[in-house]
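By written order: A, B, C and D. Residues from 1 in each chain.
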Amino acid sequence: MADVKTIIAKRVAMELNDGDLVNLGIGLPTLVANFVPEGIDVTFQSENGFIGMGNAPETGAEIENLVNAGGLPSSVLPGAAFFDSAMSFAIIRGGHLDCTVLGALQVDAKGNLANWMIPGKKVPGMGGAMDLVTGAKKVIVAMTHTAKGDIKILEECTLPLTAKGQVNLIITEMGVMEVTAKGLVLKEIHPDLSVEEVQAATSAKLIIAPDLKKMCL
Amino acid sequence: MADVKTIIAKRVAMELNDGDLVNLGIGLPTLVANFVPEGIDVTFQSENGFIGMGNAPETGAEIENLVNAGGLPSSVLPGAAFFDSAMSFAIIRGGHLDCTVLGALQVDAKGNLANWMIPGKKVPGMGGAMDLVTGAKKVIVAMTHTAKGDIKILEECTLPLTAKGQVNLIITEMGVMEVTAKGLVLKEIHPDLSVEEVQAATSAKLIIAPDLKKMCL
Amino acid sequence: MEKIITLEEAVSKISDGMTVMIGGFLGTGSPDLLVDKIIEKGIRNLAVVANDTSFPDQNIGKLVVGKNVSKVIVSHIGTNPETGRQMNAGELDVVLVPQGTLAEQVRAGGAGLGGVLTPTGLGTIVEEGKEKVVVDGKTFILEKPIRADIAIIRASKVDRKGNCVFDKAARNFNPLMAMAADTVIVEADEIVEVGSIDPDQVMTPHIFVNYIVKGAK
Amino acid sequence: MEKIITLEEAVSKISDGMTVMIGGFLGTGSPDLLVDKIIEKGIRNLAVVANDTSFPDQNIGKLVVGKNVSKVIVSHIGTNPETGRQMNAGELDVVLVPQGTLAEQVRAGGAGLGGVLTPTGLGTIVEEGKEKVVVDGKTFILEKPIRADIAIIRASKVDRKGNCVFDKAARNFNPLMAMAADTVIVEADEIVEVGSIDPDQVMTPHIFVNYIVKGAK
């Protein structure tokens, strides 16, 4: 099997359209930037205050005061713009962000997302995640299908929510699931897996799309 | 009698303090800028989007895109700053404006001000006046005491209000009146006038300050 | 995505009956060519959101005189007697809004906020028919967000992606309106190459701008 | 009015128990010298409003480690394990706020608005105990404005009057906090003469800034 993270990031990138403004969460979602299809122009936002984010600079080539929302050295492309945090979240909350890609601790059949705290264990805070998930036109959860065997795609989240009913698409190494009014629809599946195998790794009941496709790896 | 407008503008200027941010309304209040006491640094705001307003440029020396809130050519002094209308009124509403000076159609003993419309006759709109009067730390009404004989300082305004209970000081060519919980206190009087003469031109009952002073012309 | 289009193409985005935001303050910073083209095309029944109705021979003022407009939401109409005449004759619906409230309403429309809680207008006819919200014992008027179908704005320098820089007092409502409309067209005094505007000096990031037309300068 | 003061004088404005806003995002754009001086002076029991608690060895992170802080209002604490430890041990009051909400709350505090109506946090624990307001059938959480006794911010270039320019991603919360505190102290990487910053490029107008200290750069 090809590297799991690469499979996911590549598949997420196929969701992006020419002219989109996109915000990528820390970790796996960041990899999506490496796979933007050729010929389309996507602008990346860093919610700490700019659009037009480029790749991480090489060691020694860091630019002062230019970090991403994870605090890591970043860069900007021609046509970038810096602004303050109120403007950054006006963009996010105001519906100007075409797509946000985030990881999840849990996600469920109703499009609920939990990714900001595990009560009594780990409370990093929501940062910009609640605004991102509430405000973005399209919310993609990009994550490994399970966490060391623990199931993350549930009928209903048990952890405190990041946002209610906002997730549109779940992309894992096992498949692509769309959140619909009827529940999670499995639209694409990893070519090496059976529907039963994906369902076995998923608590939420999967509705199998009539035109179920093989995931493009 | 010295020019009435000059008397008023000079007296208003004495209310300004070092470091103040001040907004002057169109017309008579604009003259106040000419009489800022020496040795103090006052910054003037133009609510269409800047602080650091200077004098009107001479004919032929107008600067493109630099007009005041009345649409007339303006200038800026060193240390000026331009901003958008949301910031301009964040300054005003947020309590960052030390003083606003405006004219009035009517003003009353409770500090109510009417200066934006005469129903059925003239409805220019409130522009920035409602925000200015609501937000400024100190609101000074600067006007001729009467309008061609019509009384403007009333027990209670009859015209639609610009703001309720926000006026602090009324300065006319006849005197200086402070709005207090008990009513209008006449604190200074034109040296050529008697208290009775001022009261005769005023509908609101004037409380005479125990230390009533002569206005400095 | 090529954003630069002709005036003809730009105005083809505007139809009878649309709500149109127009930047500018008494004509300064208003998109003159776009407005002239609207008049030439005979587009009618527009609802215009703007600071004011300018002067009869200038920008929005011409739209009023030309009867292209059936409603205006503005803070001031005093400089355009024709607006008042049409209002009194029942030919034009005029909604007067305090300038700072209007700025925040447009900003809220662009920033995904549910409304604006402002003290401006309390105790005046502005509060009539509006909900009030008490926060920690203080009363505020709830003013609703404003959005438009189209915003036509003016900038002094625009790169080919759409990043805008405004000049001096021509900034005013332009950056706010750029956030609050489904389609945003900027009339650019100067169009420059991408990368030639310092990202720190961009006042309206390109993601807000759909189309660019070259101004007359 | 001379605004440039020493670090010692600046920190003498801050007392035990005050609410202090601190600019920056994971340390980028934070006033390092001012924070170090707070620690040196042993000021305690501060309530800090900031985006995050940074890293243990950086800026606000050091304040937490040094136990100068009894409460933090932030969006994120995940990069500073000591914040989580103190929170779990009941030593530190941690209020977690979505980043975009925090930005608007600070802005509202500075702009004289009664609160923020945001959809962010609906259906999550963020909405608990908060009033909700329905506008045109849509529900929003009413989040209250935030103000502070002191804001300490960081700017790259400041003129002697206090006009500020921020650099790249170091802008973040700095201009918002400059509007929302009774006293604002800016740590300036560079102090320049009045008139040397283009008025169009000022990001925080001087009227918001009370004091300037020279940074370490």
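Here is the rule we use: a contact is a pair of C-beta atoms (placed from the backbone, for glycine too) under 8 Å apart; a residue touches a chain by one contact, two chains touch by 3 or more.
Just so it is clear, the structure is predicted and the values come from calculations on it, not from any experiment.
Participant: Identify the chains adjacent to both chain B and chain D in the sense defined at the top.
Facilitator: Looking at chain D and chain B together, the chains touching each of them are C.
Participant: Report the inter-centroid distance (CA atoms only) between chain C and chain D in whole Å.
Facilitator: 32
Participant: Taking the mean of the CA coordinates per chain, how far is chain B from chain C in Å?
Facilitator: 29
Participant: Using mean CA coordinates as chain centres, what's the chain A-chain C distance in Å?
Facilitator: About 35 Å, centre to centre.
Participant: Tell me, which residues of chain C touch at least two other chains?
Facilitator: Residues 104, 107, 111-113, 118-119, 166-168, 171, 199-200 of chain C touch two or more partner chains.
Participant: Please set out, as single numbers or ranges, the residues of chain A touching at least two other chains.
Facilitator: In chain A, the residues touching two or more other chains are 50, 76, 82-83, 86, 89, 92-93, 135.
Participant: Taking all chains into account, which pairs touch?
Facilitator: A-C, A-D, B-C, B-D, C-D
Participant: Help me check something: in the complex, which residues belonging to chain A touch chain D?
Facilitator: 46-50, 63-71, 74, 76, 82-86, 88-89, 92-93, 112, 122-131, 134-135, 160-165
Participant: Which bits of chain C are touching chain A when the two form their complex?
Facilitator: 1, 107, 110-113, 159, 161, 163, 179, 194-195, 199-200, 202, 205-208
Participant: Which part of chain B faces chain D closely enough to touch in the complex?
Facilitator: Going by the criterion above, the answer is residues 18-19, 21, 41, 43, 50-52, 76, 78-83, 86-87, 89-96, 135.
Participant: Inside the complex, what are the residues of chain D that reach chain A?
Facilitator: Those in contact with chain A are residues 25-29, 51-52, 55, 74-79, 84, 87, 94, 96, 98-104, 106-107, 118-126, 156, 166-176, 203.
Participant: Using the touch definition up top, name the residues of chain D that touch chain C in the complex.
Facilitator: 104, 108, 111-119, 133, 135-136, 138, 140, 142, 144-145, 165-168, 171, 199-201
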